[in-house]
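Below is one structure, written out as structure tokens; the observations come after it.
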Amino acid sequence: MEIFMDKFHEECGVVGIYKKDKKDAAKFAYYCLFALQHRGQESAGIAANEDGVINNKKGMGLLSEVFSNGNGVDCLKGHIAIGQVRYTTAGGSNIKNAQPFDVLYKGMQIALAHNGNIVNVKNIKGILEDSGVVFNTTSDTELILNLFARNIKYGEVFAIKELCQLISGSYALTITLGNKLIGVRDVNGLRPLCIGENSRTYVIASESCALDAIGANFVRDVEPGEIVIIDEDGLHSYKIDSSAERKMCLFEYVYFARPDSIIDGISVYKSRYNAGKIMARENPTDADIVIGVPDSGIPAAIGYAKESGIGYGIGLIKNKYIGRTFIQPSQKMREEGVAIKLNPLRDVLEGKRVIIIDDSIVRGTTSQKLVKIIRDAGAKEVHLRSASPPVISGCYYGVDTPSKEHLIAANLSIAEIAQAVGADSVGYISLAGLIEATGGNGCDFCRACFDEKYPITIPHNI
Amino acid sequence: MEIFMDKFHEECGVVGIYKKDKKDAAKFAYYCLFALQHRGQESAGIAANEDGVINNKKGMGLLSEVFSNGNGVDCLKGHIAIGQVRYTTAGGSNIKNAQPFDVLYKGMQIALAHNGNIVNVKNIKGILEDSGVVFNTTSDTELILNLFARNIKYGEVFAIKELCQLISGSYALTITLGNKLIGVRDVNGLRPLCIGENSRTYVIASESCALDAIGANFVRDVEPGEIVIIDEDGLHSYKIDSSAERKMCLFEYVYFARPDSIIDGISVYKSRYNAGKIMARENPTDADIVIGVPDSGIPAAIGYAKESGIGYGIGLIKNKYIGRTFIQPSQKMREEGVAIKLNPLRDVLEGKRVIIIDDSIVRGTTSQKLVKIIRDAGAKEVHLRSASPPVISGCYYGVDTPSKEHLIAANLSIAEIAQAVGADSVGYISLAGLIEATGGNGCDFCRACFDEKYPITIPHNI
Amino acid sequence: MEIFMDKFHEECGVVGIYKKDKKDAAKFAYYCLFALQHRGQESAGIAANEDGVINNKKGMGLLSEVFSNGNGVDCLKGHIAIGQVRYTTAGGSNIKNAQPFDVLYKGMQIALAHNGNIVNVKNIKGILEDSGVVFNTTSDTELILNLFARNIKYGEVFAIKELCQLISGSYALTITLGNKLIGVRDVNGLRPLCIGENSRTYVIASESCALDAIGANFVRDVEPGEIVIIDEDGLHSYKIDSSAERKMCLFEYVYFARPDSIIDGISVYKSRYNAGKIMARENPTDADIVIGVPDSGIPAAIGYAKESGIGYGIGLIKNKYIGRTFIQPSQKMREEGVAIKLNPLRDVLEGKRVIIIDDSIVRGTTSQKLVKIIRDAGAKEVHLRSASPPVISGCYYGVDTPSKEHLIAANLSIAEIAQAVGADSVGYISLAGLIEATGGNGCDFCRACFDEKYPITIPHNI
Amino acid sequence: MEIFMDKFHEECGVVGIYKKDKKDAAKFAYYCLFALQHRGQESAGIAANEDGVINNKKGMGLLSEVFSNGNGVDCLKGHIAIGQVRYTTAGGSNIKNAQPFDVLYKGMQIALAHNGNIVNVKNIKGILEDSGVVFNTTSDTELILNLFARNIKYGEVFAIKELCQLISGSYALTITLGNKLIGVRDVNGLRPLCIGENSRTYVIASESCALDAIGANFVRDVEPGEIVIIDEDGLHSYKIDSSAERKMCLFEYVYFARPDSIIDGISVYKSRYNAGKIMARENPTDADIVIGVPDSGIPAAIGYAKESGIGYGIGLIKNKYIGRTFIQPSQKMREEGVAIKLNPLRDVLEGKRVIIIDDSIVRGTTSQKLVKIIRDAGAKEVHLRSASPPVISGCYYGVDTPSKEHLIAANLSIAEIAQAVGADSVGYISLAGLIEATGGNGCDFCRACFDEKYPITIPHNI
């Protein structure tokens, strides 16, 4: 992959649609997933439920590739649909892992989509395999669906409660069977999930921007440990017994979520903008211009500029057309100067002292390239600021992260980082500052990648 | 097509590569075209020249679709290559019109790529057809190539001079034959074309951002009426006899070009940023926030905010994943609230007096939607500003424009426009202001879409 | 589907390759499957096993479409491979049903391909689901794989013996796991399976023509109830305890198998040729020419001609290019005379008394069309002969058959059939005659479609 | 390509449809082309004419691939259509050469499809290029279309007569423009073309089997040097002035045409069957069985068996599924015994003295393989017979042939050929015998590949 893609990666986005007006739900799922495409570009799928008969279409690539020219959406009949978009992880890019998953249990079809990661998959699969259960994939989603199906005879609520007692980790789920749409959020609320509604439609989705996409009003977030069941009688809420604390992933605000989403009452854009302002106070420096790394560094840059009084500008132009089938330049071509993703604006940068804001610094490889690009464009000084605290540890809850030895902040001091990336100075927002930026309560977040305090025990054999 | 796509559209971008080191040129053409993809998404093609043997691969769709996973680029051998990306016009989306064009004339292969539009095609074709020439397409490019080929026996320079005496209109050309790469810019310089170089490579391209993409240094623009021939002995320049004045398309600065390009010595970003500043002086208004319509309205919004002292912010989030195969929502779904391209940031807009800057207002349909979206997001006031003057007339020189009766500013006063789009106020930069923003000399631009002064006569039968 | 496709249909063909020379096995599986393509055109797949790591690639369509231009075969590493081709059944054309199937059980990958049909699937799945097992598909193959995997801890032989005690029906299996290739044939030997070998390769395949395709020598058929395990130490044979009698499907000789295959010691071509000869004795008639319905009726026609002394000729030409994506003519176009599959040779048929031999008569719809075509081509008389006895009942053992009310011989007398299809006479070979044609022992065949004597009980709820 | 494909190859088939009932013609062209698919598998195309507006869709591959699932045929409107299928030649497989060709001349669209080869292309192009005409391709069809268009102002008949005075070679053409469908056959009638009709439709096609495919009655062949124009007033016939003699390609009867076609009054099947009978008299030999090489050797084998009294049988089974995307086995795999196209029937051949009939022997490479296969299957003796005379020279009139040094009969005596291919004996039908088999007049055929008497002078620079 490409040098500028040195980021943590969300592993997916989910949606569920229930059409009160009994119209087909699949196309609405399509537009919601389209709004969630930033959460995953490996595969996409929609399962539609017509009176218990489930039709599930999925494929590799972007949503618009899987349902190319609408091909296939029209065949998905029924007033309930769920969908998922999935991130491409290194090894596992495989149609087998595309979601939603579906099964047939005693003549009943069930489809399920999952955002998150179960940490004790191997442990539970071990027990089940001892009793003769056979799995088709290594996917934790297959396990969740198995656990749900085997208890479905006791009712959906019981089946979900049971499975939640067994699995540890993060999960935002949408499920459909019979005439029901179900949403579940894990007891810590690690992954986001919210509810929307208008006169014709209920929608459950990873982010509120998906609600906006189909003109649904935001109702509320699904609570940590809440089960939401939507059927003909409306929306019903159940609570999983748990003493777990709310531990929403803080990195959603930093990078994953779309800026126009509001998660657990917090505007993503605002939290990024505020982070910029706070950084300007925590890490002030004299400069002529503040620029952001597109796209996720921009809001913090605007905030930084506002607070510092230094002018805001655009310093880097991003090529919007990079897709799956693009030919990455070889190492040799890069050395010859081929640089395809970000181009500096020499006119803006030349002779200037530049503050550049990125949303985070992971390996540091991107930062080094960026600093060089900006300097080559004539900048006199380059000051790099990260709108998240030093990333020092990996994630086990549904985010693709490099191992610790590749995390620059886990291995170098800030001064060393500045030297390594070639910047005149490097600064990070503090963890307290980031939490302040969200306006939230610090206790409510999982911030293990910043402080290694993992809210859920990680098994020895993960 | 979609409501938010109410823009003028450039019809293409061209490139030519000459590898001094005799390495294959096609991949370099690929990366240059990739940087020019914003100039056309209908079709893409690259013709490579290996000692006079030309291999031409082209197809419909984005460059990355035509050369999916690099498929095909490696087969294009030779140290010279030309390429083109082309815009999708309503009716003529057809592989036949994909460029480059190539012909075989007396055993000699010639390939040619064209950005622009010849206005007297029918007239010249009429004469040629009388003498028995048969054309395969309605394309003006086929005509140019015919005129070039039939005089090639007198040498390339003569052949180009001859054809330039015959054709009227705009043309930036890259041509290859034998062991030569040729670039030509029309006598008015209506369409941009520039020259780059490094130790291994010469490059001729529509915009300087294509030079940056392969690490070539900007040498200079091709002059209006200049013929540039690159061969083993280096770069040779010839001049077409003409009393024509420089008339570079002003709209390139407004919308077409990438902000990181520099055209005829003028930074595109700077001119947009300056336009914002000048508008703030020409059209001041009290407000709480300045936002831009992504992506082309952003630089002017930053400039406007800077000059006015009103805070700059992001008010609209654009979905980046809209592509050719995306299913456009039906009229009915739009009425139900499906809105897939731009989403407002309620947190930023709510209760605010908002100034929104767009690069231009063409039909006004987009503006109306935008004003409504921002108002629905809670804005108290919405003031729309256009970073270009009122668009009152169509273009004949290679830009796809609606007819006059669809141009809102050709039919309504500014007050009426404000009412029509539902804004509290509407303001346009003045033509003088826009020219000032470029820092250029007003005489040097074609601004016929703003003032109906067409630098080249339009034939009666166009 | 098309009118001329009124046939019983085999549901698949399987293969397994073990390369003694440790070369990659997948390409050999490809050529074997290619020779078995007549057994199924819906989907194709190959699973390759490299030291226990199994890579499984499958897709819809012909083998040459799934592995288009070899795409994908080269990625399938390992010296063991299994493969399958599958017939398209009406409703279930779905990538989910494509084979081989594979699972992951306690860290061990297993892949399995199946030809046949298990009749008590629902009964066994019911028990397993009660104990919490969840299935992804309605496929009997998934059940077989589950039953195999859950007992694998006791060894492969035990696991297969166990599953054979549970399942009833027909199954020719190829399985791979660890460093082993396994072949299993059901206790009745309903579906064919044979073993081939040369100095570099072992091969297990549905038909001997697959052995020929890769230059392997025919070793022997897998016996009914035999388990064959191939590993580093060579080929090992085990026997499932059973008192079941050999009941090879008689219809394989009539239609399914390729004429160049030899199954259980009987040449398919010979048995068809002999059937023609016997028919000539059983159903003689005066005529001028004997023709066959291409391709499966040809050998019997040659035999009939030989025995009767009446000249053999070609009377119908078949279009070879009909494939999956061909546009079937509408009813209206057929009425206008569009006839795309079989064209008569007027020169051969005009003024003649014609005997036409088909391999079987199922619904009779094809026969009616054929008789009309031949009469329209000028034949004076048309005598239809079926090289198999009257088909009066459906199959439950892996063959796609119409229901009894659509089988013409189950509903009409031979005289009525002649009238219904418009023939001057209709004749069938006797069951005894067909068995004589094979040269086999009549007791050894399942001929339930001819005499309704089903060797395996059919459950009430099938 | 594959070893068994040692054949001459026809370069294409053409069709033209005129719907009297004003229904859309394209689908009828589709079914006709489908019946002509054996004449070319490289590319296919249909151009439909709706009141002078021509829509031309073409692509690489089989007809069913180009119009996959009917995609595209429905868009081709108009009651006139022409179409073509084209053979894949070694180097020139290119979408540019796909037919029909179309041009726009003075606002008039013309489409044209061509079967044949013009020998003096270079000469005429040279003159035209001197006068400034530029060509896009090396295709002779482009030249024909140019010559036709430039004289169209004098009427279609004049334009065709003019072009026929200029071009030498073979051509069966279908053309459409305005409200007309035109068919032209060259003055020697080298390539076949015939006329069909029913109450709703006129059809012009390369072979009569295409008429049968759409239920049209055979009217007559287009005469050598005849121009047929079909419009609202019916069918009009014009004659090109010429003293040329009829010289229909004899090889059409030997191999190219479908056996169910009747060309110039001669049944293709009959001529092959008769050739077999005549060979039995000319080249008798003692044997136990006569077999044919599928598919084109079969009719002659039936005739040979009939005449000789030796039994006819099937000795080789051909795999029907070989297509464009099939993976050809490597040389190494072939040496290991991978043999995918033809499989011998050991049961039929073992211990027998076998006469094998092929339609022709070109390079002899196939013959060698076939003899070996049959011997390996246990045959005691193998006698090879060719149903056409020794092929000693190439074709310049639209057939793809190897050069003379690769034609075995041009270089070796019959005894040497028998030794080279490993047969116990080799025999050819005599040229007189082949002509007798057709029942035609020997003077009426071009048989230059057998006797080097070329009816049309071949230019020095071809």
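Here are a few things to note about the model shown:
By letter and in written order, the chains are A, B, C and D; residue numbering begins at 1 in each of them.
Just so it is clear, contacts are C-beta pairs under 8 Å (C-beta built on N, C-alpha and C of every residue); 3 or more make two chains touch, one makes a residue touch a chain.
Fair warning: this is a prediction, and the values are worked out from it, not measured in the lab.
Chains touching both chain B and chain D: none. Centroid distances from chain B, each centroid being the mean of CA atoms, peak for C. The mean-CA centres of chain A and chain C are about 49 angstrom from one another, to the nearest whole unit. If each chain is reduced to the centroid of its CA atoms, chain A and chain B end up 35 Å from each other.
Once the centre of each chain is set as its mean CA position, chain A and chain D turn out to be 60 Å apart.
Residue positions of chain C in touch with at least two other chains are not found. Touching pairs of chains, sorted by label, consist of A-B, A-C, B-D, C-D.
Contacts from chain D toward chain B in the complex involve residues 101-106, 126, 128-129, 131-138, 145-146, 149-150.
Across the complex, chain A is touched by residues 27-28, 30-31, 34-35, 37-38, 62-65, 67-70, 73, 198, 200, 209, 212-216, 258-260, 262, 267, 269-270, 273, 295, 298-299, 302, 305-306, 311-314, 317, 319-323, 325-327, 329, 333, 336-340, 343-348 of chain B.
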